[in-house]
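One chain, subunit A, links the two complexes that follow: it is found with subunit B in the first and with subunit C in the second.
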Partner chain A sequence: MTFVLGAFLSIDFWQYVAVTAGIYAIFALGLQLEFGFAGLLNFGHIGFMAIGSYTMAILIVHASLPMWLAALIAIVTAMLFGLVVGLPALRLRADYLAITTIAFSEIIRIFILNSVRWTGGPQGVLGFAGDYTDFSAALGRRLSSLTHISFDPDRVLLVLVWPIVLLIYLVLRRLTRSPWGRVMRAIREDEDAANALGKNPLFYKLQALAIGSGIAAIAGIFFSYQLLYLSPTSFEPLFTFFAWVIVLLGGTGRLGGVPVGAVIFAVIFAGTRFLEFWPLSLLDDGDRAAVRLIVVGLILIALMAFRPQGIFGKREELLLDR
Partner chain B sequence: MNQFVQLTVNGFVAGSIIAVGAVGLTLVYGILRIVNFAHGDYLTFGAYMAFVANVTWGLHPAFAAANAVVLTAALAVGLEFILWRPMRRRGAGVTSLFLTSIGLALVLRNAIQFVWGTTPFRYRINVFQSYDLGLFRISQNQITVVASAVVLIAGVGVFLSRTRTGKAMRALADSVDLAAVSGIDTNRIVTWTWVLAGSLAGLAGMLLAILQASLNPNSGFNALLPMFAAVILGGVGSAYGALAGGIVIGLATELSTIAVPFQYKEAIAFGVMILALLFRPQGLFGRARVV
Partner chain C sequence: MIDEPRGPVHRRHDTILEVEDVTKHFGGVAAVDRVSLAVERSSITALIGPNGAGKTTLFNVISGFIAPESGTILFQNERIDGKPPHAVAKRGLVRTFQITKALTKLSVLENMMLAAPDQPGERFWSVWLRARTVKAREIEIRQRAMEALRLFRLDHLADDYAGTLSGGQRKLLEMARALMTRPSIVLLDEPMAGVNPTLGKRLLEHMHQIRDEHGLTFLYVEHDMDVVMTHSDRIVVMADGRVIADGSPAEIRRDQGVIDAYLGTAGAPR
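Then we have the complex of A and B:
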């Protein structure tokens, strides 16, 4: 029983869940912009996150660039990939776009898996985190002396990631409430009408995909520094669907729903890993991994069947299937 | 030259499995507008049902195949009644159904993983026998696979072109409204479409596990995107197109290894699919129309 409470009350554990939730929130905010506002069925979001993570790691390891510059170039690279993929693909109808983007993300993963010289292939990349761990340690010391609480690497990451979630949320909120956002919504509601008013839908969708991809890269950068190690198995298509579950949980087109969806998802996903009471105590790690994904699948089915607008969405603004 | 012939043979064998699996995928896509991401996991399910019959119960592979067909068809039809039909009644559209199928895929794959674990299995079939035919080598497994697949493809072709139900299926895939107006009982045909899709998926899953001499909970999902590539190459809703598309994808994947390192061959299938979508969204054999 003490062990049960121990796991439940352990700050380290919940800290880890909170960092994970923050990274999921950033990742899903990018998708929310693409799907919730521009109506793009992007099933290859993870591909852009992979580009962000690996570009940064490769630039640090092979070109010895400083962390900040490498991160910046990684974000820009992911945005450029968004443009390159979007320019032909965004002309396709929704279901074809979905299949094209998931195929794109698989192509990226296959390249990462096989470009052993740059990415380490299946073994992954290590040794890109030196700059970051120095920075994190220094920041941790500074914060400790200010607050008299100890700051381990996870806790530092926690106080880094959530302000970035807030910042991205605020920027996107501003953006989606600006004239640009109104055009975006108009395109989503009725592409022909927006076109007739002289707004080029492709141009706006491209911008949404580029920004969303840049945000995915930011998530990828935090993800790299949470793990301190990158491997192709972290970038399977499944991860994209986690972002979909988060967006749909919070409500399509509801920016504020994303962090809530991310926290719920992280608690379900990471939170069930260490809890030891019945009936969870009957399952070993492998079984739990399977059960977690069964639960995620059931949530997705139940959302689509009973509440497609999500927790906070409005039915009138429901974007699925117009 | 020898390498070319060998790769063509390998490509034809791999492509024939994709073709068998893709027929159901394209019919369901065309008729019900379900982009069924769980279809790959139907293959996995069938492969495990064959495994249970062949290894757990110790039955002959023919009975294993029968078990895969019957139970996968039952799964597909059962899901039509408890999931897809209620969803359609609620007015769910393409995107909702698409996302639902992703949820279903996660449930199926992980239920299989929960029951059988992640350790790869293989059937009780001799996998090492192979024959040298001069121009190329072919293994016992490949012969089994390609012979079964050719029989299945021919059978599907006859069924779709000669039987009333088969013709009705193609009519529905072309236009559900026109088919309904001309007096076809659409619900009955939809059920039969799932029977066909499930049976073929179950068999394709078993053939895949025979060819790869290995079976794990991701086997079917890994074949999903190549099957979608076949569906798109053949034109969505076209069963004949999917059969031909599957062979084309198999050949393109294997023959690409002449020019690019073999590790990238899966990426080639996806690349071919993306090019097809961009330049011929109606499929290689389809006529241009509003898609």
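Then we have the complex of A and C:
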């Protein structure tokens, strides 16, 4: 019990959770744009994150590109994949888009699993983080000398990831409050009406999917540098639904709800690690991990029952749906 | 409030919309069967016919929601058949829907502003690179939208969600919103259906006023015979996917074919 309490009180642990929350927040901001504003049921968001992570890692390992260039190409690649998937899939009805995207994300994962030469297959990719660890160490030293606090790699990542969350939030806020965002919301409400008023729904939905996918790739890049190791098991479809939980927790169409939802989700998800008291102490670690998902599920059910619009959602809007 | 329609200056007796030999089947049924009709610029033309005559399908074909199997549609001397709805709307042909499509989670004002044409802020890069132009245009559009809402007496609801409006108010909003696109022709699909008589009367008054002041053209589907007879320059009658008569209200009233096909089935107890 002392060991558990020790971990529970450890700054290192919560720092790790905070980095994870930041990555979740970025990942879910992309989905918020796609679903909350454009109304796209993307169930394959993780696929675009995987493309971001792996493109960057492969470019660094196999083409010796510098980190920044590799990251940039990774984001652009994910956006292009968004367009490639979107072009046929967005012509389908919403529920078919959901099926198509989840299939896409599985295709990506299984492709990664099998193209061993480039991705290491089930063994994963290592050795892409050299540039980053140098950069991180240098930045850590700089920050330490400025603040007289020690900066380990996780702490450096923490001060990198959250400003990016803020930046993406601000960019999306400006976009969604512009006429561009008005068209997006109109398409979400009724595609035919927008179409009849001279707005091309496909064009806007493609933009939403491309931008959302690019944001997923950014999350993937941070994710790579948190783990320093990539493996296909990190890109299971389940991860997409973490983003869905966060979007619904925070409130659909509420950008500010995403970081809050992400923190709550990460804390619950990590906090349930400490469910070691009886009777849960009878379970082994693997089973206890499943309990975490049960807890997340119960919280979602409670949310749907008591606050179906999410933490920041507007109840009036929910009531407008016939 | 409504700016002059885009497109060529109107002359008397010129055709703005010409549907020629248009056909569309659903399964084995010819919903629209070799329909030809011409709409004169600045006229108010009614499209009538019993249920299932093909009026709404014809509207869908003209506005680009359904591609015709054969035939051509000329709008301001340009082919629009096969073009998608947004392209047709950008050329100045706008339509409303039988079942209103208020964008419920947008405010009434946002519904109006959305419809305005030529918005630089609708392009991704302009949001960032031409922020000042975008803002200036927004102010302009907001003003125009508010003026239009005042005309339609919806201005007190500007900040409400469109989803909170009554059925009649939604019809008014849809018409006002359609006019925000600066159209040359407005297609109204049963603008009076489900609207209380007072609001309905107002809708008709707006239609006449806008036509008289700005030379807009209206083509509308309606079932109320009194309305159709007193508020149209011309009436086109459809039955079973075909045009069976086309003329002035007085001519249509006397037309035996119309009486049989339309008034007969609609009125006579069987």
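A few comments on the model shown:
Here is the rule we go by: the second predicted complex is superposed on the first by the 292 of 322 C-alpha atoms of A that agree within 3 Å, B and C clash if a C-alpha of one lies under 4 Å from a C-alpha of the other, contacts with A are read in each partner's own complex, and residues count from 1 in each chain.
The working rule: a contact is a pair of C-beta atoms (placed from the backbone, for glycine too) under 8 Å apart; a residue touches a chain by one contact, two chains touch by 3 or more.
Nothing here was measured: the structure is a model prediction, and the numbers come from that model.
By the touch criterion stated above, A:Gly198 is placed in contact with subunit C alone, subunit B being left untouched. Residue contacts after overlaying the shared chain place A:Leu175 against subunit C, while subunit B stays out of touching range. When the two complexes are overlaid on their common chain A, residue A:Ile102 makes contact with subunit B while staying clear of subunit C. By the touch criterion stated above, A:Glu189 is placed in contact with subunit C alone, subunit B being left untouched.
Within the superposed three-chain model, A:Leu300 lies in touch with subunit B and out of touch with subunit C [touch as defined at top].
When the shared chain is aligned, subunit B comes close enough to touch A:Val291, but subunit C does not. Shared-chain residue A:Gln123: touches no atom of subunit B or subunit C.
In the superposition on chain A, no contact is made by A:Thr233 with either subunit B or subunit C. Contacts of A:Arg93 after superposition: subunit B is touched, whereas subunit C is not reached.
Touch counts on subunit A: comparing subunit C and subunit B, the chain ahead is B. Comparing which residues of subunit A touch subunit B with which touch subunit C, the overlap comprises 320-321.
Residue ranges on subunit C touching subunit A, taken from their complex, read 63, 65, 84-86, 89-90, 94-97, 101, 103-106, 110, 113-115, 117, 119-124, 127-128, 134, 138, 161, 163-164, 177-178, 181.
On the subunit A side of its complex with subunit B, the touching residues are 41, 88-89, 92-96, 98-100, 102-104, 106-107, 110-111, 113-114, 238, 241, 244, 248, 286-287, 289-291, 293-294, 296-301, 304-305, 308, 320-322. On subunit B, the positions that touch subunit A within their shared complex are 35, 83, 86-87, 90, 92-100, 102-107, 109-111, 113-114, 117-118, 225, 228-229, 232, 261, 263-264, 266-267, 270-271, 273-274, 277-278, 281, 291.
Touching subunit C in their complex are the following residues of subunit A: 174-175, 178-180, 182-183, 185-186, 188-190, 192-201, 207, 253, 316-317, 320-321.
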